[in-house]
Each structure stands twice: as C-alpha cells, then as structure tokens.
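Look for chain A in each of the two complexes below; its partner is chain B in the first and chain C in the second.
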Partner chain A sequence: MGSQYGLKFAVHLVTNHFGKIVAKVCETLFRKGPLSLGEIIRCTELTPEQVKNSLLVLVQHNCVQAYVPADQFRDEEESTVTVEYLALFDNVIHRLRFPKFLEIAKRQLDDECEKVLDGLLRDGRLTLKQMVERAVQGKENPGAIEAVVRGSFHKLLKAHYVERCPAPEPVVSTLIKAEPAPRKRGSKMAKKFEAPETIEQRVMEAALPGEAIRFAVIEYTGGNADREANSDDTIMVNVGDNSGGIANEGSILWRANFEEFIRHLRHKLLIENERKRLDDGAATILSAILDATKNVEKKVKIEKSVPLSLDSIFTEVTKNEYGRTMTIDRVRASLVQLGCPQRNLDDSYSIDLKNIVEMARNEEVESIVLKRFGGDAYRIFRLLSKSNCFLETDKIAELAIVDKKEAPRLLYKLWKDNYLHMEKLVVTAAKQSRFMLWKVNKPVLWEYVLDEMYHAALNLSLRLAFEQEKDEDLLHVSRDKLTPTDKSGEVNSVQKRYLRLRDVLFLMGSSLMKLDDALMLFHDF
Partner chain B sequence: MNRLQGSSSSKRKRELALVSDTLTDGERILYNLILSKRDMGIWSGDMKRETNLPDHMVKKSLKLLQSKGMIKEVVNIQNKARKHYMAAQFEPSKEITGGDWYSEGSLDKDLINVLKNVCVKYISRQKVVTRDGVLDWSRKSGVITAEVSNQQIEEILRALVLDDEIIEVKSTGYGEFENVPVGRVCYKCKSKSGVRGEPKDGAMSSIPCGVCPRINFCTPDGIVSPRTCVYYQKWLDF
Partner chain C sequence: MASRGRGRGRGGGGGRFGMIRWAKEVEFELFPEDVTLPSNKVNSDDTLMKDLLRRNARLQNYWKASPYIVEETGENKRMHVERFSDRNKTTFTRDCLSQILVFKEFPKELVRGTARRPSRKKFRWNPETGENRLDFFEQLEKKNQGKEGTDEKENKEGENEEEEENVDDEEVEDEEEFGDDDYQQNEYFDDDEDDYNDVDEGDDEGVY
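What follows is the complex of A and B.
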C-alpha cells in the first residue's frame, strides 16, 4: 500500500479519470483496507447503487480486485459467501504512465499495436471481439482492419504486453502464517529475513491466471487437445474444431500487462545508467543479458540478473551491430565493471542489478540535497551515504573538508528534514563527553523521499489544472486566432496568453513524466 | 603533537629563565599555568577560575607576558570569540587550529578551491590517472607548492570524489586502463569539459517542490498550496 501522499495522489488520479463518487469508494478502500460491499456502503454513506457502479468501474479498469476470504469457510454453518474488495494502489498509479506504455508499444512493435493497446488502456479490459469491433466502427474496410487488429493483438501477446484478465473472485487465505522456530543462533543455515506477504500480494497471486494460459489465446482444454508451442511461450492450442476458439473470443477478457511494461522501463533505466557511468560497450552487454533473460525473470524487482554463461552472453552480444566489434576479453572486462567480478560456481555470470538501482536512487537523493542544502551539505551527505555507518561530527567535518563551526549546523538541518539519522553518545571517563553521531538510514530515507515525490506529483497535477482553469476561455477561441500569423512576429494579448499556456503545460507535463520516472525508481524498480 | 617553535637551544631556555626571574608572583603563576597547557593553550576565563586571581591582575599580567614575548594569543577554532593563550615556544595543536586547512581559525576556502580546480583540470586532461600519478605531478609540475603536503592532496582528491567531480575506480587493465596495473586505484573526471560545478539534474530537484523549504507545510487547500505557491509563480514566469 502507498504512503500518505501516495494515497492522496492515487485518489487524485481516480477523481480525474472517474469522478468524485468513484474516488470516494477507492479512497475508503485505501484507508480502511479490503471491505465488503455492505461495509463500503456504511463507510462512504453512498447509495448501494452508487457503490456497486463505482466498484464495477474500478474492477473494469483493474484498480480493484474482488476476492473471497477463505477464513469465512471455517464456520460450516455460514451459508452466504462474502466478497471483499481490495484497491490496487500500483495499478492506479500506473494510469499516470499510460503514455509511456503506448510509446513502448509504438517503438518496439508498431503504430497498429499502439492503437490496440490504447483501446485496452482506455476501456480497462476487452475481449478480442470487442477490440475488433472498436477498430472497425465506422470504417470502410472492416475485413482488412480486423486482420490488422488480430495481428497486432498477437504481437502484443507474444511480447507479453497483454495478458488474460485475472480470476474475478479467487478464494484467498488471509491468515498470516506463524514463522517457524528459529534454528540455533548464528547458524549458517539461518533463514534470510523476508517481509511477510501483504494481503495485496496474496490476492494478486491467487487471481493471476496460471502461466500456461496467462498469455494463451485459446482456453487450454487438455485431453484431446494438441498443444504446440510457438517459438516462445505464447501457446496456441488446437482443439480440433475452431468453434470453441471463436466463442472464446467474445468471452475471454484481456488487459494490458503492466508488469511487463514496468520490466521494460526498469531494464531501460539499468542500461542507460550503466551507459552513462561506464560506456556503450557495457550498456550493450547489459542490454543483451536482460533481453535474453526477460522471459524467465520470476518477478520485476530481481536483485541479480538471471545467470548466463560467458558463451551465451557473447552470443547475445554479437547479435547487435556494435556488439559484433567486441572480443570475448572485452566482454569479460565489462562484466567486471558492471559488478560481476567472478563467475558463479556453475561458470555463469550474474549482474548485481539491485546495486545499479541503488546507485540511481543515491544520485536522485543527492541531487535534492545539493539543490536544497548546498555544496558542503552535499559532501557531508555523500560521505555518510558511502560510509554506511555512524560518524562523529568533527570527523565528518575533517573528512568532508567542511568548516568545523559550520558542520554541526548543516548536520542539524539535514537531520531536521529527515535526511539523516542522529544518535547521542555520552562517554564518561575523566570527565563526561558528549558526541553526536550521524548516519544515512537508506531504507527509511527512501520511503520518506518517495512520499515527498508523491506530494510533488500531486502538487504538479493540481497546479497544472489551476493553470488550465485560469485560461479556460482560450478553449473557446478558434485556433487560427491563437497562433501568431503576422510576419512581423508581433503577438496580441490573447496569443501571448496562449503561447504562455502552451509552454506552461509542456513544462509541467514533461516535469511530471520525469518525476514519474523517479517514482518508479523508488517504488517499482 | 607538540612542536617547538625555533630551536629548543639552551640560549633560549636561559633567556626565558632570566625573564622569568623578573616576574611577579601573579605573573609567574599565570605563566606556569599557560606553560603547563603546552600546545592546547588556555582561555583567559579558565585561567581566572583556576588561579583565583583578580580580573585586573590577570589582564595586566597577560599583557605584560605578551609584551615580553613569553606567551602569544591564538585563535581557538572551537570558540573564536574567546581570548586563548599559549606559551610562545609551542605551535597550536590541530584541536585548536582546526588542522592544515585552517588559517586564523577559519577554513581557507580559497586555497581549497584553487587546489580542487587545479587537480580537476589535470585529471580531465589525463582521462585516467592513478593516485600516485596525481601526487607525482603535484610535486614535479611546481603548480602546487611544497607547503601543501601529500596528505593534503589526498584529502583534496577525497573531497573531489565527494563533490562528484571525479570518480574513484579500480583498473581493469583493459581499454583506458591499459597502462595501469589491475586493481590499482585511479581517478576519472566526471564532467566532460573538466569544468567544475556543472549542475546535477535530478527529477525532484528540477521542480519547485523538490527544493522547497516549506513542503512539509504545503497541502492542496492550505495557506501554503500549489495554487498559491510563489515558487511555482516564479518558475512559470517565462
């Protein structure tokens, strides 16, 4: 679930897209967690019809997932099944980045795929039949258009940018399992700490279609069906006759697979960051590794790349024009620079992707510190960030070459704004001495910065709306009067306002998209 | 670390002994107290407290001892406003001066900036240079005077890494590191032009909210809000 301003920003997005009533239902679910229909009606004080319609809209657009808590089945006398509704914070925020998803489809596939995806994003979920109907409406050559739509759909499916919609009301156990008793202390076999699964994760896991059918066009019926796999894992199932297939086209719902788009954007960030830090060669190698293994990544936020042998890496690299100029020694040297100094036990190589993401996060936070607090504070912050341990005030001043009288003031400012963690140490020897110790607590800081970013995104959106409202009258002015046509270059006051508004909207829109990259860096990557 | 100014020759000691014989009791008490503090020195207020001598006597005695060249006033970085005294034969310790980068109790920012600029220019011309390479060049080129120690150059390099002007890398022995043994620490310039102070472009720092000192007070409908924000007004004032 999101942070304080994360939730506010999510509610703002829902309000903009679906109106205040739907937003009220969504906000209630965010604040109170999963609720049944009756509970939502009581909390929102809306009519049952308003709540039902709102839930239908939210489910249609993948912002809410319904499920049945398994605990209610413990009581055998219970005859009614209560469905609960869970608001999906991530999916709501993804609505901000639909233009990015469309751009990916356009660049990686083609314009027609972009159009099909656009329909899915606008309508939330569609059957293949609905996609075709949408495209042919009012057009002259429906047959040809239908073929294009089908072809584009299959391309999107093959790339995993489209997936089958989840189960409508899966049964999910909401009990938190007790942790097994720990083994003896210090044991090398001690289990690595993993945060318990959230209810959102459990529900989504239960709702997700199995891998066999998630990207399959036709329902897998087993038994007499002949199964043949395409070159990748898009499965086409022949069921003898096509009647089942055509019927399914009108019943199987499809939606955009946000996970794959986020994976694509994560890979793009990793590659571009290494290109800036190292060189084109390193970026080419990382790109080759990630391309080759993206279909076997178990989740988006993998810490290390899927292991590959040097030969496999080299084969992938040489598929690229630039990669063909590289020798195997060059590839090996770049792997070291990328953060993979030695092979795994099975002779494979794995890049530390988590480290690249951390470096990007550090850079983003450091740029805030530099702009907000100045160069001396920037050096102090970077020193503490790199040290990853407590340092005493005078030691910090000495290592960062900051005036010893200035250092305490800067440290206090950073601490007051939650960028540093501070502890006091009292040492009693010949006389009592007090020391202030400082540290950057990255997990806590990153959550705080993320919340500030959601706050900033909300502010940008509100200000954008305000600027548009201010010049709302320009919407009613005909376009030819808005654009300067006078050869002397002089503009009248209406045209000035229009040009200003155009520049303002462009600046704020592009700033919001850039800020969204940072939101993904801290939340999704 | 205690360092004695000039020589600890017997001549100087005899001179001091002769002068000391001419001191009054109060002056001698004060001088011995100051002498006992060696290179840390002592504040006049602490002297009054420890000797219980009246204020006017302490002031008069300190003036006399100074005029005789037996003690000197030094600036204490911990508290520049206080009068801090030390026996003439001692050099103030780092706790008092602040260290090599301090002059008259203040950080010598001009010297630090000049050294930083010079190092960045050199490293950007070399593309990749080892730590020893920088130290060698600083000695041989004559650009940096002998008064600046090797340790100070290393501290400047560390500060430049913290400034993100240069990056510290380990040689792979390949490509630009061809002539550098594998594993050796090297420095590369971050900015392509070798000019310091190029702006860093984060997403948050590019918008008013990212650097706003009032963001914690800002709410959608509050007194401080995006609609009424003066920083936004300025940002959008093309």
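What follows is the complex of A and C.
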C-alpha cells in the first residue's frame, strides 16, 4: 500500500495493541516489502527471540502471512527453503473496526454469537475447543454453556462471518506475468487494462483454503451416507459419527472473516444511499437483491450486482415485509431508477453499484471542500466535478456564478491543496493568450483524500492516547468518589476532571468511529 | 535540549561581519492549536456509539494484559535483586504465548526449539478483570448493571485462584526458555557473582 499516512496509522494501531517491538517488526515489513526472518532480524536490530515472538503474534492476529516464493525451486540443488513474511495492511486497519463487526454479529444473529466472535477478535485465531474453554472458564454449568457456544459458532459459520485460517506456508510463484502477445492489427476491440496482480493478492489467493472447505466444519473423508449436508458450504457433524469431528476440533483454527463484514457494511451503505436518493421502495428492492446474491459475490468490490432475473428479484422482494405489497411493475420501475435501464442479454438485471459508491465519494469530498474553502469554492468544485473535463477560468466563473476576480484566487487555492489539476494552454492567434485549464482528477484526488483521512485518524488517535495518559490516575479511582453526592450538585476538581475526560473520550472516540466510515468508503468499498 | 524554553533568537542580527545565523528556537508544541474547530456537543443519547466505544475499551484493556505484547525482558530480569519493598508490590505477569498458540499452524522456523512445546497451564481468558480499571461508558448504561456485577465477581474469583498458580509456574517456564537462549544466541552471559553491577556492553574500563 503506497499511502504514506496509512502506513503510519497502521503502525500506530499495532503499537497500541501489541507494543513497540511488534510494531517495529511490522513497520519494517511495511516499508521494505516481504522479507525473510534473517533479513528482518538484520533490519530491525532486535534479538532473534523477539523477532520470532513478534512474528508469531502478528501471524496469530492475521496481520502477517508467511509464504514460500516458488522461484527458489528453479535451481536443481536442494537449497534451504526461505520463508518470506508479508504484512497485510488491510487486516491491520480492520482492527479499528472490531467494535463494528461485533455490533453486526449482535444485530444479525444474537448476543451469544457476539461473545464467540469477541473471543476470535481478541485472540486472532482459535480452535473450537479453545472457544468452548474460554466460555466455560469460571462458570458453573459447563455442559449447557458448551452447547450454546457450539450453536453460536455454527450460526456464525453459516453466515460466513467465520472462516478457516489460511495455510501457514503456501508456495507462491512470484514471477511477474509476461505481457500477452500483441493483438492482430485491425482488431477494433479496445484492450481492457488489467493491473498486474500484486504480490499481496497472489499470496492471499494461494493461502486461502478452497471454497469447499473454507466454511466447512469437517473435511470430506469418504462416503458416509449418514452425514447431513445443511447448505452448499456447511456440513454439520452427525451425532452418531463423532470420531472425525472431535479429533478435528482441537486442530482446525478459525478466524473472523473480515471480508464478509466489509461486504455487509458496503451493502448497508449502498442501501442507505439509495434510500436517501430515491425512496424506501427502491432501498427495499436493492437490499433484497444484495441479500439474495450475497453468497455468490466473488469479491467485495464488485462493480455490478450479480445478475438476477426479474422473477427472482420479485420473489426476493416479496419475502421482505416492506416489499410484500409491491407489484412487479413497481419493481421494474424502481430498477430503472436504481440504475439498470435495460436488461442484460439473458433477461436479467444487474445494478451498477460502482456508480453508487462513486456518488457517495463525490458527496464526501464536496462536503470537505465546502467546510474548508467556503461556498464559492464549493460551487466551483462541484461544477468541475460534474463536468469531468477541462474548463477554462473565465468559463468557470461564469457557470459557477462567482466573481471574475475571485475565481482565479479560489482555483489557485484549491489547486495548491491538491484538489484540482491544472494545465496551461498557450494559444497563438492574433495575439498570444494564455489560458488556464482546470479539471478534477478523481482517482488521484480520492487517493489524496484517503491519505489525508489516515493522517486525521492518526492525529485523533494520538491525541486520544495523550488525554488518557494525562489523566491516568482517574482510571483507578473508585466510582463512588466520581459521582456528585451532595444535593447542590457541586462538583469538586476530581469530578470535574472526570467529567471532562469522559466527554473528551466520547467525542474523540465517536469522531474516530465516524471517520472510519469514511476510510472504508474510500478504501474498502 | 536544556535551553529549549529559554535563549530564543540568539544572534539573529548577523550579517555584518559575516556571522553565522543561528536557527531560531521555537517552543515545542505537542498539539499546535492553530485550527479553529467547530463547536461540539456531546450527545449522551447515542447508545449505539457508546456501545461501540465500550467494546473498544474492553478490547484495548484485554490486549494490554494479554500475552501478545512482546516485552523487552531478558537480561534485566536475571540481574534483578529482589528487594523487601517488592514483596508488597503485585507484579502482573503475562501468560506465555505457548499457552494459547497452536504451534502446528505456524511457519516451522518460528516454532523451532524446545521452548515451543504447548504448555499444559490453563490460559487466562480474561486477565484484565483482575485490575480495577474504570470503564467510562459502562457507568453510563443503566441496564444489566446488576448482572454484570455478579458476573465480574465470579470471574475475579476464578481468576485469583489461577493467578496464584500461574505465578509459580511462570518462573519455572521462564528459566527453561532462558536455557535455550543462551546457546542459541551469542549473548553476553555474565558469569561472575557480581550482582551489583549490571551487564554493560563493551565497557571494559570499569571492571578490574
């Protein structure tokens, strides 16, 4: 990940959770790319024991993936295998959102599922046996609690919120794919630009367990007619046949499936945005479509929803209590509004989701411009953002109803802060005249705004930690001293500090949570 | 560093005899307040946000007390002479990583060595409930307070018993681990009985 403040923020998160030594190892891996154990020891100048422990912690919490680059096997001789470690930026940033994931589990499923998920988020990876142990420790009724834990675990698995851990040391080819052969001359099809797969993507793909076993409790061990299959992916252990199940419980590691949570949050954003833009009906239809195709989506950032025929959409919509009264014509009309004007070739509809995300991003950036530069600059920016082409200074002033003398000043200010792209044009006609052309370059701008947001998140976190440390003593005072006891409601200085600290923590904490929504919008959705 | 707040702007008037201009010292501000922030109000009815913050606080407290923080122990521990005043101090010892990690699923090179056998000691799943840390947002929720009180008490009882067990075994485990380290790393191992001098690196002059 190239984002400068993104890396700093990620390292800050790791420092907060795991201490400075683990953070140092993590930072080295971020800055220098995948490294082997020896290289890490050399770069960080820590002891081998400390580096090994740090890597164990990072792998346990899914922040680092080890792999074996396949190129070494090109030599005929049997050289020692060097394992390289790759730091996973996305997973580190996800740690900021753990409370939101817990909230989702609680809302979608129940409180017990939230507790099981809590264990997985705290400890990174656990076997089913460990999950049971954790719930039972110190409590009185182990049998009943164990059954509850198992039930919750299976619910989480069925919803795909929990997955198997990836392989510890997969072999990955690190050769960069050669360019495909040039097309025949005269071919009219434009070649679609596909970014070459990064190392990170390739490693993650290789490490991921196959779709069949990713959400399966036991592996296929040959034909057993008694075994029940619940859905495509989950297989329940039959009560009579416990031998395979129990043996595996202590050895299969499970972890939270961040991808599914992010997908859920993305769907929520899409639906809420359409609700604001159109109406409840459209939102219901979109939510029905996304729910139905949730398990079929291959990755999170899909551009168009999975195609569905009108009939299947209609059946899904009527299952929902809000959609029960809709007619099929209403559904068709809403589909047009949602951004799917005509049907695909095979009579199915798919909605342009990328468009909805882009609209949300535009809105976010425009609101930043409004707050930072004022109403006039906001109009100029909005004009440029919608027209999506180069416009000249005077034309901008005319269209945005801004004073001709003000316009260049505001444009320059926006340009200086990297919100606009500028080009100079010199036209030699009767007299030489210089034109300044301005444009909003969205992909570049969004990367820049994302970096600024990481910077803001970092600052917030640092200040939050500072405020907490400053009043560290307050954390250990007993609760009775902190609430005002006398009727007049007078507060002494300790209570004042406590109230202030509480408000400060709430304000900054909630700002960070909301900022995180924006981070997800620009990075994960 | 010493004159950070004082001696400002020394020699700013140079240029006459070709004097070197000193850089102007500026006060170090940790959080420069040069931005005007919009006025803010704490919305105390936002239970969703409070829940999120409460969960966050709990997670952070857990990680602070978990075995996942790799500390800079090692040499300091061996040289430590136990004083009388230390007896009343309750030192918090973390669990060992081998109590929780399933070593089979890690890259082999990280797991090599006899220190990595799975420990038979029970893992403390809630080490943070032993410490009395004030949780800001827990106080603000009115429901479940009674229930939570009894749950915490149960946990604490369970925890205290195990904490005592763990402290004794912990030291035995640590010695075993140190055994391996001595041979694997080329560490400076202080062989003489001189416990009053800490291990110095490369300071040969003081020792006679």
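Keep this in mind: the second predicted complex is superposed on the first by the 499 of 525 C-alpha atoms of A that agree within 3 Å, B and C clash if a C-alpha of one lies under 4 Å from a C-alpha of the other, contacts with A are read in each partner's own complex, and residues count from 1 in each chain.
As a convention for this text, contacts are C-beta pairs under 8 Å (C-beta built on N, C-alpha and C of every residue); 3 or more make two chains touch, one makes a residue touch a chain.
Source: prediction; values computed, not measured.
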Touching partner for A:42 - first (chain B), second (chain C), both, neither: neither
Chain B versus chain C as contact partner of A:515, first or second or both or neither: first
Touching partner for A:507 - first (chain B), second (chain C), both, neither: both
Greater chain A contact set [chain C / chain B]: C
Touching partner for A:324 - first (chain B), second (chain C), both, neither: neither
Partner chain(s) touched by A:31 [first = chain B, second = chain C, both, neither]: neither
Touching partner for A:463 - first (chain B), second (chain C), both, neither: both
Partner chain(s) touched by A:399 [first = chain B, second = chain C, both, neither]: first
Contacts of A:372 with chain B and chain C, given as first, second, both or neither: first
Residues of chain A that lie at the interface with chain B and also at the interface with chain C: 463, 466, 503, 507
Complex interface listing, chain A residues touching chain B: 8, 329-330, 333, 336-337, 363-364, 366-368, 370-372, 375, 378-379, 382-383, 398-405, 449, 452-453, 455-456, 458-460, 462-463, 466-467, 500, 503-504, 507-508, 511, 514-515, 517-518
Contact footprint of chain C on chain A as seen in their complex: 16-19, 21-22, 37, 47-50, 52-57, 59-61, 66, 83, 98-100, 102-103, 118-119, 121-123, 125, 127, 130, 133-134, 137-139, 165, 168-169, 251, 253, 463, 466, 474-479, 482, 501-503, 505-507, 509-510, 513
Complex contact set, residues of chain C against chain A: 30-31, 40, 42, 46, 48-53, 55-56, 59-60, 62-63, 66, 68-72, 74, 97, 100-102, 104-111, 122-123, 125-126, 132-134, 136-137, 139, 154-155, 157-159, 181, 184-185
Interfacial residue positions of chain B with respect to chain A in the complex: 77-78, 80, 98-99, 101, 106-107, 112, 155-156, 158-159, 162-164, 172-175, 200-207, 209-211, 213, 215, 218, 220, 225-227, 229, 232, 236, 238
